[in-house]
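In structure tokens below, several structures.
Each of the two complexes below includes chain A, the first together with chain B, the second together with chain C.
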Partner chain A sequence: MTKKRQLRFTIIRSLVAILIALLVATILIFISSAGATFAEKLDATREALKQMLAGPVFRFSKKNGTAFEAKRLADILAAMIPTTFTGLSVCIMFSANQFNLGAEGGIMLGAFVSAMAAIYLPLPAWLHPVAAVLLGGIAVAVTMLLPALLKTKLNVSEMVCSLMLNYIIMYVIKFLMNTYLADKTRGQIMSYPFKETSAIAPIVDNAVFSGAKLSWGFVIAIVAVILCGLFMYRSRWGYAIRMIGINQDFAKYSGMKVGMIIVLSQVLGGFLAGAGGGIEMLGRYTSFSWSALPGYGWTGITIAILAGNNPYMVPFAAFFMAYLSKGCDLMATYAKVPAQLIDIVQGVIFLFFAAEQFLSGYRQKLVVKSAEEEIKLAKARKEGVTNA
Partner chain B sequence: MLNFLKILATPEFFFSIIRISAPIIFATLAAIVVEKAGFANIGLEGLMMFSALSGSLVSYYAGSWFWGFLAALATGVLMSLVMGFFAFRLKTDIILVGIAINMMGSGGTLFLCKVITNLTEGKAMASTTGLITKSLCIPDIKIPLIDKIPFLGAVLSGHNLLTYLAFLFCLLTSIMLYKTSLGLNIRSVGENPDAASSVGVSVQKIKYIAMAFSGLMSGFGGAFMSMAYAQGWSQDMVSGRGFIALAAQAMGGGECLGGMLSAVVFGFAQALGIKFSAVGLDSNLASPIPYAVTIIGLVVFAVVRNNRVKKQHSAAALMKTAGKQEA
Partner chain C sequence: MPDGNAVANETFVVQMKSITKVYPNGVAANQGVDFNLRKGEIHALMGENGAGKSTLMKMLFGLEQPTSGEIIVNGEKLELTSPSVAIAHGIGMVHQHFMLVPSLSVAENMVLGMVPKKSGLFIDRAKAIEITRQYSEKFNLHVEPEAKVMDIPVGMKQKVEILKALVRGAKILIMDEPTAVLTSQETAELFVELKHLKDEGYTIVFISHKLNEIMEITDRLTIMRNGRSMGVYNTREVTKEQISRLMVGRDVVLSVQKDRAVPGDTVLRVRDLEYVNEWGKKMLDKVSFDVRKGEILGIAGVEGNGQKELVDMLFNFNVPNSGAATVNGTSILGLPQQKIRELGVSLVPEDRMLYGIAAGASIEENVISDRASDKRLNNGPLFNMKAIHEESDRLIREFTVLCKSRSQHVGMLSGGNIQKVVVAREFSNNPALILADQPTRGIDVGATEFIRKKLVELSRSGIAVLLVSADLNEVMELSDSLIVMHNGRIAAYFDDTSGLTDEIMGEYMLGLKQQSDAEVRRVCHD
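Let's look at the complex of A and B:
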């Protein structure tokens, strides 16, 4: 199949998958929307869909009509920061065929460690956030050694192990917060405020984006995307990771140190998740108050699947998911449809993107078409030769 | 310390171990059968969430626990068949299908709960605990003669119907796997699908059956969670039991008896955690115990297995050299 056709197939397949998910969403919205008659329900559904699909960048009001809303766009870009990191983390681990699901706990641990560094380390302004984020990343990288080493040394399932770690991380952090680290003067359980030197500065801080917290973390996330892309496609290690993912036995026979690469992929994935947690924490908050897993790890898995484990595609997938999530939030506010619809939509898109045989009939047709054209071309060339 | 041991040596403690183990046993049996058929279903967690929700809702609206119970089972089976469709027909990686179901099981169930209660009750509810009363739960059963025995009676009698079924199913599943033709087919598909298909076994069909079985067991587990363990469904109430079951399957060596024992070990860890918080320890320190025990258990199991394999290898090598010397 030609490259152009391959691309066309990928795009059409993605669009169909998204359309199916939106169709499911529409049906669910219709069922849950208020209204006594069919027409009323239909109206409510249209309103909800408008909020979900266009709401993230446009504001609808009766007085001012439809207006572009820069603040909401900035919100979406800000929401991309943690999920871009978890998406990259999952990309690298899944590329090596390691189903490590620890990004969820990883981002919480990273955020926690960075927060502690932000509170207790006395460092100058420029160094403080860098050190805090690096510490968060390293802490998670070290944690991920556990599932990785257990996998390579004892063949313990990294999936189960990392899932259990998520719970352990969450409870231990809650315990530490409750018992030792909470600021007792506050009404709820939260840490002491971060030192001002530790904050990651906002990129934009003007009237247009008033209230939107888009920090330089966004730029760091994009840099991380490029670095991960270079690592995966332009370095020996990245090649080894992808090769192990495609065929572990072959990688072994060709002399790669499979065990070490598997450990490397998970440690690197852990570092990315942890650093992402730190950047999210220092760029958006002024004290640590997470009391449950944030869910960024699971979104990261969806993003990695949408991106086809290609780091360069991660920001687009992350943008798509952040857009959809913002849309669902707005829908919940303005149209009274529960925001958790996002989980169902996400699940449906996920399933169809991951389904290898989805639209395989169409793919087959394209392959046949390409082959026929090639044969025709070859024939024409042959005739040309004989004629000459 | 001695006081603490005294608390543990009560019949209530052993009773709670059995009670807490039941849903893990159901999920472990689900994991065992699909593993025998040659794949892993990591969506047990999500399946249990959906079953728990539908069970509690239907039992409320039908006014009878029995219909809720059936609805939970049906939900588990139907959703597992959908998973099977994606995995076997559309060739989605089975692990990814499981992840997707778990994602939907976490937030999607909350969405459904809010929507359904909003349609009928007029206001959206974030859990069904307000709807389910004791009479809508699956009943407890007193065993006539055994409950007269002093210590043992209080441990063994008075459990929920499903708790007894969980232990009974360990036996039945074992019989199904090793004494019936279906079990033979499941195992042959798992060990060598090509060989199975060459003697006329439909690999697809057997995989679907194994998947449906895991859905059925998740249905039992889910029903137990929302209609026996707790009164009503609440978000993330399964809290990792579906994942712990995967570990129990591995620790039990993929067999029903071993899986059951491992599940009871986790039940013990969890009951211990609850007791810890009862004597004043922070519950956040006690809650991770079962998860930590899972990792430790997996490691111990792996070490034992590796040693056994090594021993077998060296024994085989010794036999070989001995045989050569004789010749």
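Let's look at the complex of A and C:
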């Protein structure tokens, strides 16, 4: 199949998966909606769906009717920042066929290290956030050497290793916070406030967005997407990562340094997750108070799968996930539907994407079509040769 | 002499009549093959790799369906749509690569798919063990029912496979190269057991190309070549030489024009390579040879006689126990593939789908895999896409790869075009030495001719070529000089291929003859 046809298949498959997921969600909403009669339930379901699908960017009120809501959109864009980074991180690691699940712990560690740099490093305003975010990224990159080297040197499963690493990271951070770093004057476990020089500024004045915290981190995330895309599709290292992911024996036979590239993919993935944690922390918070894994890493896996490991698709997938999450929150608030429903919707989408055979009949048709065209082409060329 | 249906009304347990099988990719693996089995005989099915033996037996076991022809078992015409249908009619198969679950015990493997139950729900392990014991004793095939399959030796695994077939009621056993993985003691043991089964009235098909074993154990034999049956014979009435002539022969001769070679300095020097595989079998036994600039040295031999191991050593997919191999004076054993390639070594690998290509990547991504770090194709940290497009378009044109564009996935091409992508890369990176391992196996005539011509052309331009091929036609046509491998040793060296006949080759390939050490040593041009 040509790339164009491949792309068409991917898009159609994504849309069908989302559609089925929404259908399943609708049925579940209907079942769990309030109302005594069928008509009432139907009404409640319609209301809930409206909130979920349109709510994230529109406000519905009886007084003013339906109005576009900039703040909600800004909230969604802000929510995309950490998941775009984890999505990119997972993309690069999965592209090399390395099922490293460390983005979850990675983003927490990156956030923690950046937070410490924000509190304790005396630096000028422009340099402070840059240094803090880089430190966060580097810390996680170094940490990811652990599963990567264990994989290449001793053939330890990077999946198990990185999964367990997440919890080690979480508990070490909790221990450090509880024992040494907490601000004892506060009512809960949280760090001292960050120095003001360390903040990543909001893109537009807060007043316009009435409190939305969309920082310049969003722009950095989009730049990161472009850099990752260039790296994966336009550089020899990204090329090597993708070839190893497709066929490791082929890569080895071709003379690529397979072990080194496998390590590189995980170190780079770690850096992205860590930097994402730092940007999230400095753009949204004024002190470190995370006491559990934030979940952005898991969402990053979903996003990478939705994006088909293509960095350029990551922001779209991240937007979709953030939109859906916001919609479900609103639905829970205004339409009395449990917010847990988003997990089910996510699960269904995940299921259809992970199932390689989903819509394989359609794919087969495309393949056959390609093959037929190829044969026709061959015939035409042969005839051309004999005629000449 | 040809025995065929000597007695017209003789009863056969199996009759396969004018079987033809054409695979979806257009390969005609069987063409009008007749195959009959008498009750209680051991019947050899012989032929080189790719002769169509396995295909024929897969159809008898229901793994493949014939395109035309009929199969009659015990007088009943059958549609063998799956192995379970074949098993139900008493046909069992012992595969060359065992179909066992390593983490389960022998007894559990025995009853897979027909598990005895306790109160209709739980697996009755004791019963499974009892069944295993019972069959093991009845057929005199010793196994340990409670041992895990991964812990038992190869010989015992094979017995488990045989018992598995017998438990399922097989009266006809198809054994696919059963001795390929066995030591000589295990082979001797297997033969005793097979004779015992034969005495009990079981019918056995024995697929092999080892002449001595065939002569020792079989009653009749069917020889196949290029998808056709070359006749049925009583084993007692034919000689090894006759069999060898029937098995190894040439049908179509594609001739390639070539000038006389003018060999230059030695490029590849291999000395005393020895390799013992993981089962303790000696796969390479003091192999020494030289390949010089401007010549094609061919390695002929029936597959499995050490050729694969030899190539693996030369590209560091494996490391020999002892010996040396140098390219222009630099040792290549144990060197990373990148360094081997830097020395100017190219490899057209035997398994093109595993090593030769990344099926899920584009043609372009496949042709640049060995040169992605070249300065020519890079602009600082990024690829120079223009240069890469030009390079891949040039190679597609030069090697006449039939495709829609450079961005087409390689996996979507035909076998011949896939191989053209591989050789486009391997022939175009300025090589000093080309290792061509089965370069034209299973591909169409056009691509075959193209690749052969290219090989000759390159060798005449001063490149050293080592050609490994199980295709006699190819190796005799293309090589300037050639060696024959048998049982991990060089059985013969011919410095001139012009006077060679199929008969002479066959005798060395099947181990009937062996040149003296001095004669073989001539391939080292010290």
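Just so it is clear, the second predicted complex is superposed on the first by the 355 of 388 C-alpha atoms of A that agree within 3 Å, B and C clash if a C-alpha of one lies under 4 Å from a C-alpha of the other, contacts with A are read in each partner's own complex, and residues count from 1 in each chain.
Here is the rule we go by: a residue touches a chain if its C-beta (ideal position, glycine included) is under 8 Å from a C-beta of that chain, and two chains touch if they have at least 3 such contacts.
All values reported here derive from a predicted model rather than from experimental measurement.
Enquirer: Just checking: does A:40 make contact with chain B only, chain C only, both, or neither of them? Give me first, second, both or neither.
Expert: neither
Enquirer: Going by the touch definition up top, name the partner, chain B or chain C, that contacts more of chain A.
Expert: Between chain B and chain C, the winner on chain A residue contacts is B.
Enquirer: Is A:196 in contact with chain B, with chain C, with both, or with neither (first, second, both, neither)?
Expert: Neither partner.
Enquirer: For A:159, decide between first (touching chain B), second (touching chain C), both and neither.
Expert: A:159 contacts chain B only, not chain C.
Enquirer: Report the residues of chain A in contact with chain B in the complex, numbered from low to high.
Expert: 28, 31-32, 99, 101, 146, 150, 154-157, 159-161, 163-165, 167-168, 171-172, 174-175, 178-179, 298, 301-302, 305, 338, 340-344, 346-347, 350-351, 354-358
Enquirer: Contact residues on chain B for chain A in the complex?
Expert: Going through chain B, the ones touching chain A are 42, 86, 89-93, 95-97, 99-101, 103-104, 106-108, 110-111, 114-115, 118-119, 124, 239-240, 243-244, 246-247, 250, 282, 284-285, 287-288, 291-292, 294-295, 298-299, 302-303, 306.
Enquirer: Report the residues of chain C in contact with chain A in the complex, numbered from low to high.
Expert: 315, 317, 336-338, 340-342, 347, 349, 354-362, 365, 369-370, 372-373, 378, 381-383, 385, 402-405, 407-409, 412-414
Enquirer: For a test of understanding, state which residues of chain A touch chain C in their complex under the given definition.
Expert: Answer in residue numbers: 1-3, 6, 230, 234-236, 239-240, 242-243, 246-247, 249-257, 367, 370-371, 373-374, 377-378, 381.
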